[in-house]
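Chain IDs A, B, C and D follow the sequence of writing; residue 1 opens each chain.
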Amino acid sequence: MKAFEYLSKIDRRIIYLVIGVVVILPLIFPTVERVRVMAPAQSLFNAVDSIPEDMVLMIDFDYDPQTMPENEPMAVALLRHAFKRRIKVAALSLYVQPLALALKALDQVTEEFNARAQTSADSIIYGRDYVLLGWQPPPIVPLLEMGISISNVYSTDYYGYRTDSLPVMQGIENFNDVGILVSISGGNAPLWWVGYSQVLYGVAVGAGLTAVSASDFYIYYQTGQFSGLMVGMKGAAEYEELVESKLQVPGERKASEAMPSLTAAHLAIMVFIIIGNIGYMMRRRI
Amino acid sequence: MKKRIPLLLVLIFGIAGIIPYYSQYPLVQNVQSFIRNDMIRIIAAFALVLGLGSLLKVHFDKIRRHRENWEYSWVLILSFVVTAIIGLFGGRTGGGMLPTSIGSFVFNIQVIYENVNVPLGSTMFALLAFFMASAAYRAFRARSLDSTLLLVTAFIVMLGVLPLGNRISHHLPSFVQWIMDIPNVASKRGIGFGIALGSVATALKILLGIEQKWLGGTR
Amino acid sequence: MNMSFDFWIWVSAFLTLCVFSFLYKDNPFYKFAEHLFVGASNGYLVTIIWHGSLWPQGIRPIFTEGNWWLIIALIIGMLYFTRFFPRTSWLVRIPIAIVMGYGTGAAIPATIQADIMRQIQGTVLTPQNFARWNAGSSGVIWTILLFIGVACTLSYFYFSREHKGVLGVTSRIGVVFIMIGFGAAFGYTVMARISLLIGRLQFLLGDWLGVLQ
Amino acid sequence: MFATFLITIFALAPPTDVRAYDRPDDGGGAITIQWQLSPDDELVDGYEIYRSENGIDFAMVGFMGRGRTQYNDESTEDGKEYIYKVASVSDTLEGYSEASLPAMSSPQWFVTQRIYLLFAMLVFSGIILYYIYVVRRGKELYIRKIAGLEAVDDAIGRATEMGKPVLYVIGIGTMSNIASIASLNILAEVAKKTGQYETPLIVPHADPIVYTVAREVVKESYTSIGRPDLFDPDKVFFVTQSQFAYAAAIDGIMLRDRPAANFLIGWFRAESLIIAETGTMTGAIQIAGTDAVSQLPFFVTACDYTIIGEELYAASAYISREPMLLSAIKGEDIGKIVIFAALGLASIIGLLTRFPILGLFD
């Protein structure tokens, strides 16, 4: 019994140290893990892949620094998919803080493609291949107004250009010209796109979710309100797998590289819970 | 007068918010676009600035009264002023009146955000992994049948989402997908109905002026 | 190990370590980092509000398009600031009533349609829903199980009658479903929290120290 | 007759029964064209849609792929008559249909398809208003006792026996969080009970406004049991607005004052982990209650009893007997019965008849 007495008195900081080491080691000595793609990520990939020529992929960046490590790999994988398939992208945000992260992700993937591009045809040019529409308060305005006119809400884009003068926005008037809207979010934004924009205008909605809120969003996936889901870093790794295997787009796969560490950490947490409960059972029986 | 006007406005604009679902008549749509674009969009921008005003007021009071940790309020105010100046006068991606680069060293608002806000914000939440590990060891107990069922499901899901889970048995990931699609959807949908009814009831009471707490909150 | 010599990478690394220092104990570095975060976030907020909304949509159109109505909208917006002056602080209720009223109104049909009607549609026992799982005959069993789960969870949150008799049984089954739902949420939340830590360590070890491949 | 015979040899069979009508429930400017598939549908690449204003010269306005039988022409002027033809097309051959009857697009004031949504909204508002009216006229409304509240009484009893204080943590919510307001009602009850046994009650806060309201609630509870002297301003205090500093401060209180009962009731975020963990370490009875769904799994495993989501609102209504809260709970209960009935009825119809019941909920 003394062993468990000691075990339960371990200082909190030792546990922090253990979990830190458990996560760091697989990062330094990575093992390659094949990621199995599940239905939600596959259906989102199919929905984005089947966007017609004259429509855009609209991406709502709704994550701030707090959930960036989970959401950014999703945004990068989605952008690689769109740019490789020459699908026009319109990016926006319902809040202020995510805008800088939208710009960060867009710049990163644009540089990746332009570094490899020889001709202007296969390079990514702002205004021709994608536009960052920016932010307009409050969320209810873009949610309802973009069904009538996108350029009404975002008359100037993030850089100050007139939106309807940009080549990418020619022929793109409202939600009827949006193939699918994917909301990459750490909060409830995907629910608003379903509740407001989809109910009123029938726009297809997909979502990239942090794993925390994911279990509450499956009810909208089961009814078909969400055309597909990326759930947590695992969902990002699945989408990265699809983009690399199906479209041969090279690029660092941050989420997939994290899988070995995630495995180690999950096992460690499970062991902690088991030890904790054994000690608890022992103490309760005496 | 101080109550009747706001309550009347909340009812009028509440009905204005309901209308687009039930009519797409061109006149109605133009009025809706006017309300959204030319009224609500401009007014709401000030609401955010209001939050900022009260934040600065709290920290100025803290400094004046030398309350605990008041020195750090200076850090908050100074960092706000510096980033605001660089952002407002330097432009969102540089190129404003204020030069935002000296030679190859760039310091526009985007670079500051990526190298100050991002590390601070994401590390703040990365702490949670440590708290989670410690709580897992010392707090998460199978105290009752309910919490035992919870922990067993959690173990299955935690294994199933990993590539390791797929190697243990390729049925495991599909079983986790089944847990998410059936029992999880059933319970979250049942809970969701209650929350949806509650939020509709609250919204109706606000519009009809029965729920007036939002008035009091601004005393 | 090719450590980075970029000034900003070192700033990010320093701030990351300031926040991690909270793990040891609350200290001046953590307090500095916390207050810097709030200050810098609001500095960015003001920048975007001005360059993204107030100037291009609110003030400039008055001169370029002569849209005089915007002046009234700007005045109503400025009523928010009356909150700091006790005598006129009731005026802040006007802009709040307009913005909150419209949002609250729009939320009612949206919630009823997306969170109630469509969710009922996804639970009803019909051949169409049986086929939704495209799992053949087991699709029927799953839809029935889903129906029972939703009904029992709903009965658990029924407050007008004691949990006795039939209602006692259904709410007990409801709790089983609720606990499985919480278990799923627990498992995913553990994944979420760990992923955030891995993301930061990928920065420290990769971009800063250059230890990773 | 002979001419048509020739055409059929060298041309594709045209689509039949072409009909054009104003698209319903829209803002005008659109005419819907429907047709039956051409008998040669497999050979066809698709269908071209032609429009004319005078019935003589036709211009192409749209194209739909094989197997499709409907197209929306969204470039029409309201109040103008149009006649349509649809041609089945393969790379060389074409088969023109008969001209449709003239059609004219016009806007509708009301989207008839959403009549069910409006009906549901009005019915539910009626239920809510009925209960507010009934409660205001003083009718007694029954709400079952929430199991969590018995756990609250046991916890206070245990703390009193051990002569240890009770800790009440209201979370980091503001007055706009419903959970914070519900928690204040429960705090009033806890203050009354701890006052009767003179057990010290510690209430740390993270929101200045909630703090000022809570202070009044505790003071009033003590005076309502005739013991205004029990109120100690050092026990109900504001700590900090920073999420993690608040959690760290509460850990300090738990380790220093060793409360025997911890109530974690209100709005929480990730800091709930730190608080619940230290509480378990000190061996206190812990009762949690929140509508923050993402924190509930951790409270269930870390605390002795958890009040889940809506139960918190019901508990606060049960204690305060406040008309607004009571009518809300009763109205929502009726709403649940309606949902339950809709599920049952729709299932019966869906199983036994061919009626497309799911369409009702679109």
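The definition used in the following text is that a contact is a pair of C-beta atoms (placed from the backbone, for glycine too) under 8 Å apart; a residue touches a chain by one contact, two chains touch by 3 or more.
Since the model is a prediction, treat every value here as computed from it, not as a measurement.
Q: Would you mind telling me which chain pair, A-C or A-D, is linked by more contacting C-beta pairs?
A: Looking at A-C and A-D side by side, A-C shows more C-beta contacts.
Q: Which chain, with its centre taken as the mean C-alpha position, is closest to the global C-alpha centre?
A: C
Q: Could you please state the distance in Å, as a whole number, between where the Cα atoms of subunit A are centred and where those of subunit C are centred?
A: 14
Q: Express in whole angstrom the distance between the two chain centres, defined as the mean CA positions of subunit A and subunit D.
A: Using C-alpha averages as centres, the distance is 23 Å.
Q: Roughly how many whole angstrom separate the Cα centroids of subunit B and subunit C?
A: Averaging C-alpha atoms per chain gives centres 5 Å apart.
Q: On a C-alpha centroid basis, what's the spacing between subunit B and subunit D, in Å?
A: Each chain reduced to its C-alpha mean, subunit B and subunit D end up 17 Å apart.
Q: Can you list every residue of subunit C that touches 2 or more other chains, as numbers and ranges?
A: 22-23, 34, 41, 44-45, 48-49, 51-53, 57, 99, 102-103, 106-113, 115-116, 118-119, 121-123, 150-151, 154, 157, 178-179, 181-186, 188-191, 193-194, 196-197, 199-200
Q: Could you tell me which residues belong to subunit A and also touch two or more other chains?
A: In subunit A, 16, 19, 23, 66-69, 96-97, 100, 136-138, 140, 144, 158, 199, 212, 215-216, 219, 222, 232, 234, 262, 265-266, 269 touch at least two other chains.
Q: Where does subunit B touch two or more other chains at once, residue-wise?
A: Residues 17-18, 20-22, 29, 36, 40-41, 44-45, 47-48, 92, 109, 113-114, 117-122, 124-130, 132, 134, 136, 138-142, 146-147, 150-151, 154-155, 158, 161, 180-181, 184-185, 188-189, 191-195, 197, 200, 204, 214 of subunit B touch two or more partner chains.
Q: Chain contact topology under the given definition, line, ring, star, complete or other?
A: Its topology is that of a complete graph.
Q: Can you list the subunit C residues touching subunit A in their complex?
A: 23-24, 41, 44-45, 48-49, 51-53, 56-57, 99, 102-103, 106-107, 109-111, 113-115, 118-119, 121-122, 132, 181, 184-185, 188-192, 194-202, 205, 211-213
Q: Which residues, counting only subunit A, touch subunit B once they are in their complex?
A: Per the stated touch rule, the residues are 8, 10, 12, 15-16, 18-20, 23, 33-36, 38-39, 64-69, 96-97, 100-101, 103-104, 136-138, 140-141, 144-145, 148-149, 152-153, 158-159, 199-200, 215-216, 218-219, 222, 232, 234, 259, 262-263, 265-270, 272-273, 275-277, 280.
Q: Within their complex, state which residues of subunit D touch subunit B.
A: Counting only subunit D, the residues touching subunit B are 25-28, 107-111, 114, 117-118, 121, 124-125, 128-129, 132, 175-176, 178, 181, 209, 244, 270, 273-274, 276-277, 279-281, 291, 293, 297-298, 300-302, 304, 308-310, 313, 324, 328, 331-332, 335-336, 339.
Q: Tell me, which parts of subunit A touch subunit D in their complex?
A: 212-213, 216
Q: For subunit C, which residues are in contact with subunit D within the complex?
A: 22, 26, 34, 108-109, 112-113, 116-118, 120-121, 123-129, 147, 150-151, 154-155, 157-163, 178-179, 182-183, 185-186, 189, 193
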